[in-house]
Amino acid sequence: MTSLDKRTTSLDLDRNGDLSEATQAYFDKCLEKLGLVPNVLLAYAFDEKKLRAFTEMYNELMLGDSGLSKLEREMIAVVVSSLNRCYYCLAAHGAAVRQLSGDPMLGEIMVMNYRAAALSPRHRAMLEFAERLTETPGKIDEPDRAALRQAGFSDRDIWDIAATAAFYNMSNRVASAVDMRPNDEYHAMAR
Amino acid sequence: MTSLDKRTTSLDLDRNGDLSEATQAYFDKCLEKLGLVPNVLLAYAFDEKKLRAFTEMYNELMLGDSGLSKLEREMIAVVVSSLNRCYYCLAAHGAAVRQLSGDPMLGEIMVMNYRAAALSPRHRAMLEFAERLTETPGKIDEPDRAALRQAGFSDRDIWDIAATAAFYNMSNRVASAVDMRPNDEYHAMAR
Amino acid sequence: MTSLDKRTTSLDLDRNGDLSEATQAYFDKCLEKLGLVPNVLLAYAFDEKKLRAFTEMYNELMLGDSGLSKLEREMIAVVVSSLNRCYYCLAAHGAAVRQLSGDPMLGEIMVMNYRAAALSPRHRAMLEFAERLTETPGKIDEPDRAALRQAGFSDRDIWDIAATAAFYNMSNRVASAVDMRPNDEYHAMAR
Amino acid sequence: MTSLDKRTTSLDLDRNGDLSEATQAYFDKCLEKLGLVPNVLLAYAFDEKKLRAFTEMYNELMLGDSGLSKLEREMIAVVVSSLNRCYYCLAAHGAAVRQLSGDPMLGEIMVMNYRAAALSPRHRAMLEFAERLTETPGKIDEPDRAALRQAGFSDRDIWDIAATAAFYNMSNRVASAVDMRPNDEYHAMAR
Amino acid sequence: MTSLDKRTTSLDLDRNGDLSEATQAYFDKCLEKLGLVPNVLLAYAFDEKKLRAFTEMYNELMLGDSGLSKLEREMIAVVVSSLNRCYYCLAAHGAAVRQLSGDPMLGEIMVMNYRAAALSPRHRAMLEFAERLTETPGKIDEPDRAALRQAGFSDRDIWDIAATAAFYNMSNRVASAVDMRPNDEYHAMAR
Amino acid sequence: MTSLDKRTTSLDLDRNGDLSEATQAYFDKCLEKLGLVPNVLLAYAFDEKKLRAFTEMYNELMLGDSGLSKLEREMIAVVVSSLNRCYYCLAAHGAAVRQLSGDPMLGEIMVMNYRAAALSPRHRAMLEFAERLTETPGKIDEPDRAALRQAGFSDRDIWDIAATAAFYNMSNRVASAVDMRPNDEYHAMAR
């Protein structure tokens, strides 16, 4: 059983009562499938409405149908988190890239500097867009979208690249603002 | 009846079939209450799962229970969007600040430079945190949280300030990436 | 009659004696033509020599002969002021763009992010130069001038674009440094 | 007699007819007093209205009555020009600091990095304000003005510090935009 | 025997003849002690004078007498390399922090964002100085040195902190400029 | 005889005993050849091992065999030091450019803004690479190296450009961190 006594941020957030059955079931499923309940879920659990809104957007974005593979979405997650220096997201999603790619070094390079990786033109264009959207969102313009189309992405793919990069610009900031701590297990995974 | 033929971004996103009844009802309610269906909803409507995830998070964050007033949340939205130079969000949420405050100039100042406003220490601390979280998320640290507590915010309020500022760091980037166009009506509202 | 008791900056600047007849006449003309005496003039009026130097440069630049239309010069004013986040100049010159263009939304977009506007190649080149001159003046170089010539500007036009963008880099800083307050009337003008 | 054939910028600016007598007299006076006609004046001379507006503001600011000494105003000019990397202004005003101070090294340090100089608290505060106003004008706020008052400056002095720093933020940009070339003589002066 | 055919940068650098006996012996010692010859040494080996100058400075700095422990010097190396996003140095020195500290997570946090670590005031002051020296070297001033003395560092320690942070600002740039590739072995070490 | 009592930084660094004969001889040679012992050497002399490591790397880099002329290496030194605003290095290496080129103005322009110089395409490419490597080392990539090859540089030259620019990114930071003071003589040299 998951204990909510575990403190995963430096904020002191009271919870009223126990987890709902649905949430408890969701956490149990995480434990079964991933071997852990990601601390981000415990952090949001002080308010189940917030938790549900977060997980629905997360699941739709990272696990739903898309022209981007799950690995590609995780690569975007790590590159954005590297630019924003988000410890939580780098630990958790760096592990995901190592796992999904079966290539531990790829996960490391995404954390450190994606430019050092031997990337396909598709991946290069995708990550350059994510970088630019993260660093200077107000300067994104038609040529940036054109570069993605040039690399073979459809307009629907462009939405997904944008939405994924944007989502981690949100998550990185929540995590940094509340000092969210990643599960220790991430560090040793898939090395 | 809301036409989805209206193009609200520069992406070409195909929709399969008509809006679901639930979505149509939601749009009708917007029209009734706000006098318009915000273009952001039409932009997301190419995929109702994405639309639903977005609106649930939005509604929980901007309209749900919080120690922050709705106006305070809109002030954060505008200040973050000003730093990121997001045309869509400045137009839409600038109007919201004007409307909720009954003070057209306050909406303008939030768009232009919040430092020029005569703010209470509470609002000043809140917006400085939002600014810093937007500009240098990787440098947010305990003294930043301490400054919010000093200004009277609870840890739960800190979560809400962080989550709101973070949300617009996401929305600004989606809007800029897809060239989202605000409804013309926003410009003249509550002047 | 214009009262100099009206405080338009947060500095405490003593004036010796009354306004000269010439200055009083100039202010009366402003009132008649614009419906107000711009607060920037009242701010400078503590020293009529400074006021005169400012108004002469201003009038030559913004109202004198030029290959740039008055609206184009105001567009530059607003874009530079947006980059420097100058509340005074955004309020005053945002109103001027709305008025001169008869297009309230154009004024808003210049304040928020000029990239979101549907601009002619000429205006796009002009504003990109103003932006670059504002942000990284030490990196301006021959290719930047060439881009303006390419867009149809003469060398004399280039001088005027440069001088206008440079002037607001001055005015924005004076206004921010002394906390200059725009006339309330600007906000509702030409909406 | 001053030749206007001398090209002082990379722009090709036609002049109509000869210099007016007044301008010719002014240039002669420069030659007599300074040993040269500053190239900035030749650059502006393609349009005598622009030249006059520039020289009036310049003379009022740099030579007029002020609580700041002429050397202090030149120190601000050089520090601002160093931050903006303006070759023209660094050459011309670096020479002025060397000359007015009788301390060649002081001129060099202002060009290179004012923090390396052994400055009085007054000069330190003055230059820190000029630096901050140059780099982040939108973040200038009451504590910045308070620091100047703390260092002994009156509100009128604050105006002059602001106006001087702001003026070079204009001049630096005009000079860089038009590729203005300083007179060769500056380099060897007062070494 | 170490093969120089192994390409460790993307530059094509000819070597004249075999390694000297001294260099070969040094490489053999690396192999024996570390289990590998660091690729940086192979990269420099195209010119043994450059190699020797590099290794002498490196060894004096990282292994010589100092008031800083070897782990502290490696922590500085990683934090500087993280700010400069140097893949080579993050891979190699991240491994060193894991190894010397016996704490794999500490190595990860130094790579990702040192602010997320639970650091002693001494380490915090040391890394903040290294960060500031890396990001804005021209703004380092007496208060920065005072903060180190306050945290218990001697002036000689300050030299060593400065020299170490400065050295990685050099090494990071050489590595990035020549596309230096770290040994694969680093990634799995001390996890 | 060189006195070590001369304080060349603001750190208080004890020396144990006299200079070794070798170091004394080296200083005597400097005095004979340059007319002074550069203060950087006196600064390092508190520890002769550090001094030796520094001078060996320096001499190899700045005086050793290279496809770059000594003047070209000094131009890189000054441009990097200008970007980092390092007073010591600008004073010392600005003098070196003036001396080696016999062109006092070239030295000044390198200090102030290299873009204002009339440079050959070779020198332009070399200095743009040095600038980019200094400002955004993590973004250096294959196109940056390609631009150097395009300008006629061999891969070995690229190494030397990179190593020189990188070295001054180190030296600038040591000098700024310890407040190193240049010899007064530099300012008047080769004017």
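By letter and in written order, the chains are A, B, C, D, E and F; residue numbering begins at 1 in each of them.
Methods note: contacts are C-beta pairs under 8 Å (C-beta built on N, C-alpha and C of every residue); 3 or more make two chains touch, one makes a residue touch a chain.
Since this is a predicted model, take the numbers as computed values, not measurements.
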| item | value |
| --- | --- |
| Labels of chains that are neighbours to subunit C and to subunit F | A, D |
| Fewest touching-chain hops separating subunit B from subunit F | 2 |
| Angle of the C-alpha superposing rotation, subunit A to subunit C, to the nearest 5 degrees | 120 |
| Distance between chain centroids, defined by C-alpha means - subunit C, subunit D (Å) | 22 |
| Cα-centroid distance, subunit B relative to subunit D, in whole angstrom | 44 |
| Geometric centre distance via CA averages, subunit D-subunit A, whole Å | 51 |
| Contacts with 2+ other chains: residues of subunit F | 85-86, 113, 115, 138, 179 |
| Interchain contacts (touch definition) - all pairs | A-B, A-C, A-E, A-F, B-C, B-D, B-E, C-D, C-F, D-E, D-F, E-F |
| In the complex, subunit C residues that touch subunit F | 138-139, 141 |
| Touch list for subunit E against partner subunit B, complex | 113, 115 |
| Sites on subunit F touched by subunit E in the complex | 10-14, 46, 49-50, 52-54, 56-57, 60-61, 64, 84-86, 129, 133-134, 137-138, 140, 142, 144-145, 155-156, 158-159, 161-163, 165-167, 169-174, 176-179 |
| Interfacial residue positions of subunit C with respect to subunit B in the complex | 82, 85-88, 90-91, 104-105, 108-109, 111-113, 115-116, 179, 184, 187-188, 191 |
